[in-house]
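Given below, in the form of structure tokens, are the structures.
Shared chain: subunit A. Partners: subunit B in the first complex, subunit C in the second.
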Partner chain A sequence: MTTLSTPTPPPGSTNHASKSAPVGGSSRRGTRGPARRRGNTRFVLACLLPALVLFAVFMVVPTMNVFRMSFYTWSGFSPDKRFVGLDNFSRLLDDEQFVRAFQNTVALLVVVTVVTMGMGLFLAAIMTRQRLRGRNLYRFILYIPNVLSVVVIAAVFSAVYDQENGLLNSTLRLLSLDGLQQVWLGDQKLVVYSVAIAMVWQSLGYYMVLYMASMSSIPEELYEASALDGASAARQFFAITLPLIWQNLRTTLTFFIMSAVNLSFVLVRAMTGGGPDGSSEVLLSYMYKQAYTNSSYGYGMAIGVVIFAFSFLVSLLVSRATRREPLQF
Partner chain B sequence: MKESTRTALLVTARTLVAAACLTLVVTARTTVGWGNLLVMLAALAGLLVLLAAYNRRFR
Partner chain C sequence: MRRSLVLAGAAVTVFGLLAGCSAGGGGSDSGRTTLKVAALEGGYGRDMYTQVIKQYEASHPDIDVQLQISKSIEDEITPNMKAGRYPDVVVLGQGREAALTETLIKDKALEDLTPVLKEKVPGENTTVGDKLTEGIVGNLNTNPYRNDQTYLMPMYYAPTGLFYNQGLFEQKGWKVPSTWDEMFALGDTAKKQGIPLFTYPTAGYLDSFFFALLADVGGEQFYTDVMTYKKDVWKTANARKALDITTRLLDYAAPATVGYANEQDFTKNQQLVLDNKALFMPNGTWIVGEMAEAPRAKGFKWGLTPLPAVTAGSKRYITTSVESVWIPSAAENKDAAKDFIAYLYSDEAAKTFAESNAIQPIEGIVSSLSGENAEFYKVYEDPSVAPLVGGFASTAPVEGVDIKATLFDTANSIISGDTTENKWQDALNDASEKLRQAGD
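Now for the complex of A and B:
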């Protein structure tokens, strides 16, 4: 093992240059260093200040306001606000509709994440590893839904699920599978999964492209070497691909949590309006309904606090569960 | 027990637990109530524990 050290002059010799230079240098650094550091700090702070102000005004203050308003009862219009402490939260415990919305949110979070991630990884692996003819066309087709507005997607799926003339029921009739026809957006048991399919369809292409970008940066030699050792395609996927795109997977898992909460709200509002009989309500749509339609702003903000806590906790747990040292390749 | 057999058993067990958690989420949703919501959250926690267990050897 080699180590680098300062060469020592031979005994008896005098090396004025080596002695005087550090002294002069350190004295210059001693006088100019702290001043320059202070200047650098001021410059960095000045650069950060606009972003920090914007973050405080548009993120911190509204979030604090949500927490504050959850302790009040307020219609949203009148100037009268009444402090009720934790009453809004205790009301949540007896609200069956809130529980149903929470259950739907958890179900969408789990089902959409598992299905989209599984299909996204599978398609990305096929598109990257297999030399498919026209794979750019497939990628383009799968990515299109992500470019569309969510409201357009809701309209498309409302048409597909239409009971009489919808694509789904018409196809089933054509195949003489009349028994499988359903009221896709009118059945209380099915409606959430109908929304889930629209969510998967919307986001699949996006995640597939993200995974493909990571997979295409993995050196080909790794696959060649493992193939020489007799590794199958599945073995290569789990031993090479998955570990090397892990950081990307971690990021997308956080995206899944956010989109399960946010995207489901838009799709539910546009496709079902929370119906039938509130069976497709999700947390965010229920919060919106309470705060802006039912004139229970404080109660809506209490639901907002629960959404914040739930999203934050799940994101934190996912981040901790998936933490590992990034692999360099 | 051979290492390959042990690995195969572990992968099978993890797949079964993941499938059970997913099934639990889907079935518990059909009935509205705090108990069922807690079951769903427990299933979600189970999936996260599985993820952490898979990831542990790579840390």
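Now for the complex of A and C:
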């Protein structure tokens, strides 16, 4: 109140005041500066408070709860929770279904990341570097799957994979490649990869647009200069484009890990329900089955902890492994 | 001044957000009891509930019934239940993926409804127990703890079994097989004409097949032994025989079955029967409504048969799916809830339910049915056929063990050759043993 209402001297008098009373002036500035900064801090804190409270209530507390519940045997409802220490975790090691779900998640993580990243980079480079006719249309078409709901994607792929008159098998028949026809969602060895293709299809456009955005910000001179030196398009891609969007690539790697865990769950639930006979189960779908269908909430939470630790660890490793000095242009 | 305003504003926002998260619950207002009823909106629709509630409120002016009905009712009532606000009456059976009923059974969190059986139906002179069909209570489905206490009242019942196209059988002059030998002989005949003998929508539908088969093979005692995880029950000759028959039958399965046996495509397996591309599939009476709009072969007519007998003339069982109504023990108005449940078995309510094809297990109701339903429920009239109710006994949850999945889903692996009958038997024995230990 007082600080605000203190009349500030008119601009002309500032010089005079500081000259005539240098000690007083500096001391005044000295008291006012931190006061304002303190005021600012308080203001910033006040603005952050709602978000922090929400974050704490909806993110931190539930996450802590997941960790806490993983040490209990609990059905999800009853008042009696039994503390069992690390029993849930040691049981996980003997649970074949869990091991299979883990393997499937890792397989999806690797396959989807490699394929989506490779194709995303390739397409983005073509779209930005080559003056393709109708590239806006291609970009639009490639991006569309990303805005579709998972249920729609599941329905689309159910039509693509249909063993009798699906798009895939019909095309193979048309090309007289009858021997390559498969029961895409019924073969236990194939079904994970069938899900992987749907995941790639869904996310390719999104990553392509991300890569395109950072590629288009690379100055044209670099390409012109290298072209004068006789660099091929491929050489330009590996020597200029890739190093300059490296930071962006690193970020998307984290996205890949998250989507392998989360997107695989929704797609698996909508497309296969984890079947046939648990062969396409992923970590989150198995966690759901245990926590709810099997009334083993604590066990489900132990799986949750493993998922948390796994994605955290992989993200950390990937981030460490890909760390490089950021290049500037 | 401004700063304190900002602070005050921020505080209001925070509290507003928090308050928004804990929306206050209502209470019963002056004298009138509010009865909260939650129901699963199944194939029967929601109108029958609103009608029955209207009739009930008309004769009970002091009671206000609030109906909550949804196709995923578990998702809607569970958060409130965790916060301590329980519905008074819940109409929800077992076997759903969210397994809310099973969880509450395992938690012993259901109200004992044995007294309701002795209660008089409101407005009538008979007790609820007397009105119910014989044998519909007192099994694992209603008395989950294997004692005399009834915790789940049977609400609707429907026969499940093998569904087929009667028209095709007439056309070809085939007889519906009454023994497994005849069944497999028919399988060979049909195979020559390019029609596979068997399919299933998803492996989960095999419940209507397996439970009856176990009882057919070894009698009711054996069935109960399996359902209550008797030690080494899966190593017995009877268990092996049931698995033998199943494995042999799966050998006759339509090649498309496994690829379509998922939530997205299961109707394509059902379509196989409509198109005469498979002869039999295990299913329930809801199939008629579910596939009502689907195209079908000329002269198609739904038929339902119990599983073939193991030896000629031996008793056959028909798995009967029973949906339940129950009261959570944490409910607020238990007495009013019990009275309401008793009313659900009144002639008035039964008529309303039956109009929506929801058939209650009330003595004599079958004679009042018409159309396809009349024919389906006729299977109970055959003296050699007995209804079989129940399912696996409830135990404390065992982490990572789901015996239903082991029993049913493995069929997919048997057809595709990813596992063998021996491994199946071992896995079943293993799961059963773990559950037995948890049950003791």
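Keep in mind that, in the parts below, the second predicted complex is superposed on the first by the 303 of 329 C-alpha atoms of A that agree within 3 Å, B and C clash if a C-alpha of one lies under 4 Å from a C-alpha of the other, contacts with A are read in each partner's own complex, and residues count from 1 in each chain.
Note that a residue touches a chain if its C-beta (ideal position, glycine included) is under 8 Å from a C-beta of that chain, and two chains touch if they have at least 3 such contacts.
Every value quoted in this text rests on a predicted model; they were computed, and no experiment measured them.
K.L.:
Does the superposition put A:V99 against subunit B (first), subunit C (second), both, or neither?
P.N.:
In the superposition, A:V99 touches subunit B alone.
K.L.:
One more residue to check, A:A321. First (subunit B), second (subunit C), both or neither?
P.N.:
It touches subunit B, and subunit C stays clear.
K.L.:
Which partner does A:V110 contact after superposing on A: first (subunit B), second (subunit C), both, neither?
P.N.:
In the superposition, A:V110 touches subunit B alone.
K.L.:
Which partner chains sit in contact with A:G186 here, subunit B, subunit C, both or neither? Use first/second/both/neither.
P.N.:
It touches subunit C, and subunit B stays clear.
K.L.:
In this superposition, which partner touches a larger number of subunit A residues, subunit B or subunit C?
P.N.:
C
K.L.:
Per the contact definition in the header, classify A:T254: touching subunit B only (first), subunit C only (second), both, or neither.
P.N.:
neither
K.L.:
Just subunit B (first), just subunit C (second), both, or neither: which does A:N262 touch?
P.N.:
In the superposition, A:N262 touches no partner, neither subunit B nor subunit C.
K.L.:
Taking the touch rule as given, give the residues of subunit B at its contact with subunit A in the complex, in rising order.
P.N.:
21-22, 25-26, 28-30, 32-34, 36-37, 40-41, 43-45, 47-49, 51-52, 55, 58-59
K.L.:
Which residues, counting only subunit A, touch subunit B once they are in their complex?
P.N.:
Touch list, subunit A to subunit B: 93, 96, 99-100, 102-104, 106-107, 109-111, 114, 189, 192, 243, 246, 314, 317-318, 320-325.
K.L.:
Which part of subunit A faces subunit C closely enough to touch in the complex?
P.N.:
Contact set of subunit A toward subunit C: 1, 4, 39, 42-43, 46-47, 49-50, 53-54, 57, 73, 75-78, 88, 91-92, 94-95, 97-98, 154-155, 158, 162-164, 183-188, 269-273, 275-279, 289-290, 292-296, 298-299.
K.L.:
List the residues on subunit C that touch subunit A in their complex, please.
P.N.:
Subunit C residues touching subunit A: 1, 3, 6-7, 10-11, 13-14, 17-18, 21, 81-82, 97-99, 102-104, 106-109, 202-203, 256-265, 268, 397-402, 405, 409-413, 416, 418-419.
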